Amino acid sequence: MKDKIAEKLLLFIALSAIISLMLITFFIFQQGIPLIFKAGLGNFLSLKWAPTRGGFGILSMVVGSLMVTAGALAVGIPFGLAAAIFLAEFSSKAIQKTLKPIIELLAGIPSVVYGFIGIVILVPFIRETFGGPGFSVLAASIILGIMILPTIVSISYDALLAVPNTYREGSYAVGATKWQTVVLLLLPAARSGIVAGIILGMGRAIGETMAVIMIAGNALKIPGSILDSVRTLTSTIALELGYAAGDHRGALFACGSILFLIIIVLNIIAIRITSRK
Amino acid sequence: MTFRIGPRTSQIIFYVILLTMTAIVVIVLFFIIFYVLRNGVDQLTLEFLSDKTREMGKEGGILPSILGTLFITVVATVIATPLGVGSAVYLVEYTRAGPIRRIISFGADCLAGVPSIIFGLFGFIFFVISMNLGWSILSGGLTLAVMILPTIIRTSEEAIKSVPHTYREISYSLGGGKLDTILRVVIPTALPGILTGVILGIGRAVGETAAVIFTAGSSLGLPTSIFSSTRTLAVHFYILAREGISMPKAYGTAAVLIIIILAINFIAYRLMHRFIARYY
Amino acid sequence: MSKISIKRLSLYYDSCQALKDISLDVESGEILAVIGPANSGKSSLLRALNRLYEIDRASIEGDIRLDNESIFRLPINVLRRRIGIIFATPVVLPGSIRKNISYGPRLHRKLSKSDVDELVERALKSANLWDEVKERLAESASFLSGGQQQRLCIARTLAMRPEVIMMDEPCSGLDPISTAKIEATMLELKKEYTFILVTNNTKQAARVSDRTAFFYLGELIEIGSTQRLFTSPVDRRTDDYIRGKFG
């Protein structure tokens, strides 16, 4: 009897995560989708963002989000994979035990701190070295690249460790060197885990807000080079939500809906990949 | 003439490249921590920590933000911990592979990937406006509770899974029911692992900005109830830095944040290690 | 009247049948040894008797009676208190020796500190472990040796004051001295308890049991007094097994 009640109660509790997800989906879409219909798809996908005067074009922000995400991946993938391979294949147990928590600590540093480091170090550096405002696609890409490292490293590392040792032994037995084994055998074998890590890292990059606001410059146009200022979907939401009302607020939720949709699709792909095994 | 690199040389080159790149990652991390601490540490006086904030942060200390962070984190943890641990218990002890487990896991995994600005939007429209809680500690805490829920679920789930099956069998064989077994054997045994998840969740909550700025607001007054608007350390730091109010105060606030985050991660790491040493 | 009476018992794990139409009685105050090679259904028999098979999601046919009452009518916690089990590998629960022993009784009633003291001492004395651990009852039980841990498990079961104690190869991981201690404990306790001893060790069965049952591939091949079964087995498979030809 006691056990039956406990089971029912626990089931109810266990649904809290999925119920939260459904509530989030419902409220974001309910606030955002009507505006898209009201403005019309042409307006919504245009370049003109002047939400207090009927311009709801999010194109430059979508392009901005995609650019900084691509930049983040360009930084995060090589360094993340290198660190994962180094840890999994070229390190002793003791080094693994020290380095893994250190890299995971990167995930714990608040995004505002990353943004701040960007402002005080990276932005002036870029301004002085390459010219331009410094607040740029490049600055955002580098900082976001660092921020997604722990995601890529952890998941790729786990995927590499999950490759059975017999593979390695077989490869050494036919005379392959360690790096040949890594490139020809281990990376392909761990491919799905690595891809999942990259997709989750991509989700983090596209959804990151505070660090990007602080260093990307937030100019409302499609950047002509990586040294130009850029504004993302997330920046727009955070910059304007504080004072937005009416259709303007609806437009920000429409941005949120697009972002949320992208994230959910990325998540589903990553979950699919990791649970296929 | 073609120049060939032998397998030994290429092996060394490959190793050096990997080592350098890994070293860069680690150096960047240490640099960030060191830089913030070095510039902020002389700000860390007792007055700075215990004084009210004056002139938007140009003068005075950060007591309101410390209290705001504390209260919001407590609200978030108190709500998310029972939900997270309960979900994990249900997943491990009451479900087998099947649609119910898949749905619950999917919810947790997806929620884990939702960016904080979306939580901010949701908290703003749901807690602040629809439920009419206003910008408050309660709204902020509830929003963060949803955000840290998946961390607690996933870590607790792993901890509960690693409790040896034989412990449950012993408990049943001594006449224990399922609930007795869970409460007296499974949860106490998994406790260090569960606590690790809770502490990691606290770490996420403390460092969060986007999800709290639109739900708890940015009031600088000392909070008087859970319906007070408040400003967390991360939000205060963001405003100081972005609006250029006071660089020294910004560094000081950042140092406090970094020290809290380091302490939290260290505790979580130690707990996890004690747990792993015992059961693996 | 028999202590336990098993009628036409079959037990299935998913598609595989672990026990095939078993009927046998266990008499009050005896030590019944159950022997047989691997996969003969010995452990499944024990798991059926206290309905532990339910957590493995196995299914069952037939009936089992304890003091002439069907075990399927008893509340499960009452049944498991009356029929205790000791597993092959001693599993001590996290926590002190004291906490391990009082775990079972505490599930069923509230106990004062002095109740627990008394119960712990009595159980440890019955299991011949008291003298070795009386100074460190509050210490973690995981630091005891394998043989001590197994006796702790016996004490933990005794603390519930069961009527029947089932042992599933209780000495399989132990050295001869620890084994001798546990066998001595069993012979002492026989006055108060009924034992079912599953063992791989035919010599152990011969040393301590009153009657012996031989199982093979889920079937009960032969049961009789230990003396008779070991000197003149009826079935050829029993004869082969006790001569060590397989198993």
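Side notes on the structure shown:
In order of appearance the chains are A, B and C, and numbering begins at 1 in each one.
Just so it is clear, a residue touches a chain if its C-beta (ideal position, glycine included) is under 8 Å from a C-beta of that chain, and two chains touch if they have at least 3 such contacts.
Treat the numbers as computed from the prediction; the structure is a model and nothing was measured.
Think of the whole protein's Cα atoms as having one middle point; the chain whose own Cα middle lies nearest to it is B. Of all chains, the one whose CA centroid is most distant from that of chain B is C. Centre-to-centre, using mean CA coordinates, chain A is 17 Å away from chain B. Chain centres here are Cα means. That of chain B falls 48 Å from that of chain C. Rounded to whole angstrom, the centroid-to-centroid distance between chain A and chain C, based on C-alpha atoms, equals 57 Å. Residue positions 177 of chain B each touch two or more of the other chains.
Against chain B, the residues of chain A that register as touching in their complex are 2-3, 6-7, 9-11, 13-21, 23-24, 27-28, 31, 78-79, 82-83, 85-87, 90, 99, 101-106, 108-117, 119, 121, 146, 149, 153, 177-180, 182, 200, 203-204, 206-210, 213-214, 234, 237-238, 241-242, 252-253, 256, 259-260, 263-264, 266-268, 270-271. On the side of chain C, the complex with chain B involves touching residues 50, 52, 55, 76-81, 84-85, 87, 89, 91, 93-95, 103-104, 107-108, 156-157, 160. The part of chain B that touches chain A in the complex is made up of residues 7-8, 10-11, 14-15, 17-19, 21-22, 24-26, 28-29, 32-33, 35-36, 82-83, 86-87, 89-91, 94, 100, 103-104, 106-111, 113-122, 124-126, 130, 146, 149-150, 153, 177-179, 182, 200, 203-204, 206-210, 213-214, 234, 237-238, 241-242, 250, 254, 257-258, 261-262, 264-265, 269. Against chain C, the residues of chain B that register as touching in their complex are 164, 166-177, 180, 184-185, 188-189, 278.
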